[in-house]
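Two complexes follow with chain A in common, the first pairing it with chain B and the second with chain C.
Presenting the complex of A and B:
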């Protein structure tokens, strides 16, 4: 078990390293000189040369990467071109808001998806099963930014039940678990939860139907167990895979939340990315992408490590 | 000695003797699937509306009118109302289908071509080359797909071409991976050895035996990704990264109409509803095709 964990971690390291390479290269695929945001267009050559030296841009690419990585490891991702503030601070504040939203959405989606998938699996080929299948296909196909708009139209514009925008009083850094804040979380979280709901419902439905068809279920029933007792055996069989799917989905929500955050003006990384892109704030773009992707890699690693702990069948193979 | 009596001659219907062929069977099964056929019909309608937009559209999609802003659905002369600049929604939605379908399908088409080429080559050659290609692709899996698309597109700068490039890059790795894994399975099968022993050169084997068996599954996988690409492409335009105004495109229209949700919610929601319907149809059609191709005797 320990050897397996170690192997996974060692395998994740080159992936994480290559993520940093891609993020570093983002600056260089950007059209125009990286200096164009700092130097005036008509700056004399000497000034440009001096700036290049100051930013280390006169060195070869590999050296630049090494220096950048060295600073990044120490938590220095440079400073935002637009605001002049440190990128690390900006990103970490936004990431906590995005994680909050993504985590709540993943939990909602997981619970709803398990309930739906469980029902559909138990009543396979019934009307309920068809309804659940339809809902999960719809959940996977719906453009969530549009769903967010529709929910805003219904619950904010028409019914005036919930706020349409923002993260509640106090601005972006003041999240607390009280009514005034949770009200703001409901619509974006529900919107974002639709994707994992569809995926989890599909997976759980297939797993439950498969487990129920296996011989050990017949044996348990023949032994005299009630359906409720058998249900726990089914849960034990389905849970590891379902949890793994949810873990991966949580990772995708880190990226998928960009659009939903834009719809609801949620002060997370999506908001930050939007600003970064339209103000051509490449260091901010780079830092945000880097931190989000490293979270994603870490999450995948976590799923890889936790799944065999929950599922003894995987440990044997 | 024969057990067949002359009075009962061997009359086997011709269609039993000649197998109808795999693709014909798949086609027949697909035609019998009502959901798939309805989806196909809807997609065909949208495609016709897109292709013949200049003939069918009731108005000029760019012609703004300050006097007719945000008219409701069903207004005389504007069947689906007007947008925030007074442009006819029906015409804009029809013209919008052109860019939206293009942005949804083209990246998948290009990624299919690249992914199949790279995947089949890697899978067929095997060994070190395969390892190298797959490890490089692993890197792309370290990013959530939306984030990767936004990152590349954001760095390259807003614009339609850049978002096409970034979307293609997002879909190349998964398609390559599918092509590679199917090729690796096919390569070990007996009929490849048989072809090789009969003297077929590598490129013939790749073209006939490998591609003939790999294209199907990869194609089905790729069609399943069209709906994802549609949503992602419109999402990029929604963020302002893709198509630029005043070009009609569903994602962009959804974005510019966002401020209208308090005035005219139905019109504001229309472009998104079309993205939803199109992506749903592509998804269901891909599911239907997958089922139809899964023939087990």
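Presenting the complex of A and C:
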């Protein structure tokens, strides 16, 4: 098991490295000159050259990458062009907000999805099953920024129950688990949870229906187990795949919350990315994408390690 | 409703021998059992099956796919999907009305009084639990013991079915052991709570020929030792002959012929039984063309009005198509459902059928 974990971690390293290459190149491949945001359009050539030297843009791409990576490893992702603040600090602050939102949304989505999928799987081909299937298809297909706006209109504008934007009175850097803050979290978390809920519900429904159709369920009943006891067997059979799906969904939630964070002005990475894109703030963009991608790699690694712990058939030498 | 029933520890000798059973009430009494599958496609899988089985005897239930033999077995275990099937008739096992049991009663009955082994042991074990743990779980489902005791009982059972290194095998997952070993473990599981009735659903079909015979011998041995009754479902006459005391031949969801093993095999009276015996490969037939039964098994969603075998039967007449032949007593201890039973002593007309019947 330890060797397996070690191997998985070693396998994840080249992936992480290619992620950094892509992050670095993405910005250079994208059309437009990174200097256009700092230098005026009519700046003389000498100024442009001086700026290029200052930002290290005159060196070959490989050297630029090496220098960038070297600094990134030490935790220095440069400073934001727009604000002049260190990117690392900006991104980490935003990451903690995004993690909070994504984690709560994932828990909501996972619990609701498992419950819905479980019921639908146990009652497959019933009316309830069809309702759940319809709901999960809707959950996956409905654009969540639209849903976010609709929820805002209903619960903020009309009913005045919940705030429409922001992360609470403390602002972006001071989250605490009190009512004043949590009520800011409800709408974005619910909005964001709809997609994983749909995905998990569909997956769990299919898995449960499949497991229940298998001979071993008959064998479990045949040895005198009650349906409640059989249920635990079903859970253990379904868990590895359901958790793998959820792990990937959590990854998507980290990056995929751009629109939801923008709709609710939630000070997370999505919000940050959105600003960075519109302000052509390349160091900030690079840093944010890099950290989000690395989170994604880490989540996959975690899923890879947890899955064989749950499913003995995946434990190979 | 059910009180805890103390069990014999494994080391004590079996309760009773097979001989004294005849006078007692039969362990299993099935009368006019019907099973109908409802839903999008209706099918009458079992159409009025009646039989009884004394303590300590082995009944072979013989028939081809779709004859209703497996469905009969699962009805005995109440394992048919309740929402998609309807069971009629009456099933008495050890004095209990099986069809009237509630969930608690069923949990006690299943595994405690009647146990089942399955065709594909790899499919019958939960893949994410160890083999031993699943046996211990069965023990704990019936006796109020802790995991350590259940584990000890499970290992004892694994040793009993001749699994080497039982304590190590306890920790194995189903996919880590061989097919024959898995079936042994399945038997250990089924017998772990000392059931009075063992239902075997083609337990050797999925195994290698060499392993098949080992499993059959083991089953026969354990049946004698534990004094259980066994209902053994198979489509393989050779296997049925190896393990059974009595043989019931099923066709189209009905028992068409039933009798003592030797009587049925040596002297089949139903044309279907005779055809089945004639189409069996035996060493004496080397180099000769096998006899086959013409036609195909009946469609269970659209059974003929009369005898289900009539369309394929060489002896069929108009009355066969008009009504289902009633089950009548026949010979010393046999029953038969046919308007035109074969004469005795002419099985040769349909084929040699030289299947060796082991003498007890």
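The criterion applied here is as follows: the second predicted complex is superposed on the first by the 308 of 317 C-alpha atoms of A that agree within 3 Å, B and C clash if a C-alpha of one lies under 4 Å from a C-alpha of the other, contacts with A are read in each partner's own complex, and residues count from 1 in each chain.
One rule holds in what follows: a residue touches a chain if its C-beta (ideal position, glycine included) is under 8 Å from a C-beta of that chain, and two chains touch if they have at least 3 such contacts.
Computed from a prediction, not measured in an experiment: that's the story for all the values here.
Q: Would chain B and chain C fit next to each other on chain A once aligned, or clash?
A: Verdict on chain A: chain B and chain C fit.
Q: Applying the document's definition of touch, where does A:225 land relative to chain B and chain C: first, second, both, or neither?
A: second
Q: Examine A:161 and indicate which partner it touches, taking first as chain B and second as chain C; both and neither are also allowed.
A: After superposing on A, A:161 lies clear of both chain B and chain C.
Q: Pick one for A:236: touches chain B only (first), chain C only (second), both, or neither.
A: After superposing on A, A:236 lies in contact with chain C but is clear of chain B.
Q: Is A:251 touching anything from chain B or chain C once the two structures are fitted on A? First, second, both or neither.
A: A:251: touches chain B, not chain C.
Q: Touching A:285 in the superposition: chain B (first), chain C (second), both, neither?
A: Touch status of A:285: first partner only.
Q: Contacts for A:215 in the overlay, against chain B (first) and chain C (second): which applies, first, second, both or neither?
A: second
Q: Scan A:312 for contacts with chain B and chain C and give back first, second, both or neither.
A: A:312 contacts chain C only, not chain B.
Q: Considering only C-alpha atoms, give the closest distance between chain B and chain C in the superposition, rounded to the nearest Å.
A: 14
Q: For chain A, give the residues common to its interface with chain B and its interface with chain C.
A: The overlap between the chain B and chain C interfaces on chain A is empty, containing no residue.
Q: Can you list the chain A residues touching chain C in their complex?
A: 214-216, 218-227, 229, 233, 236-237, 240, 310-313
Q: Under the touch definition given earlier, write down the residues of chain B that touch chain A in their complex.
A: Touch list, chain B to chain A: 138-139, 142-148, 150-152, 154-158, 227, 231, 234-235, 238-241, 251, 254, 258, 261-262, 265, 268-269, 271-273, 275-276, 279-280, 282-284, 287.
Q: Where on chain A does chain B make contact in their complex?
A: 15-16, 18-19, 21-23, 26-27, 29-31, 137-138, 140-147, 149-150, 152-153, 157-158, 251-256, 258-259, 262-263, 273-274, 276-278, 280, 282, 285, 289, 292-293, 296-297, 300
Q: Per the contact definition, I'd like the list of chain C residues that touch chain A in the complex.
A: 74, 77, 79, 103-104, 107-112, 115-116, 118, 120, 123-130, 137-138, 141-142, 173, 175, 186, 189-190, 193
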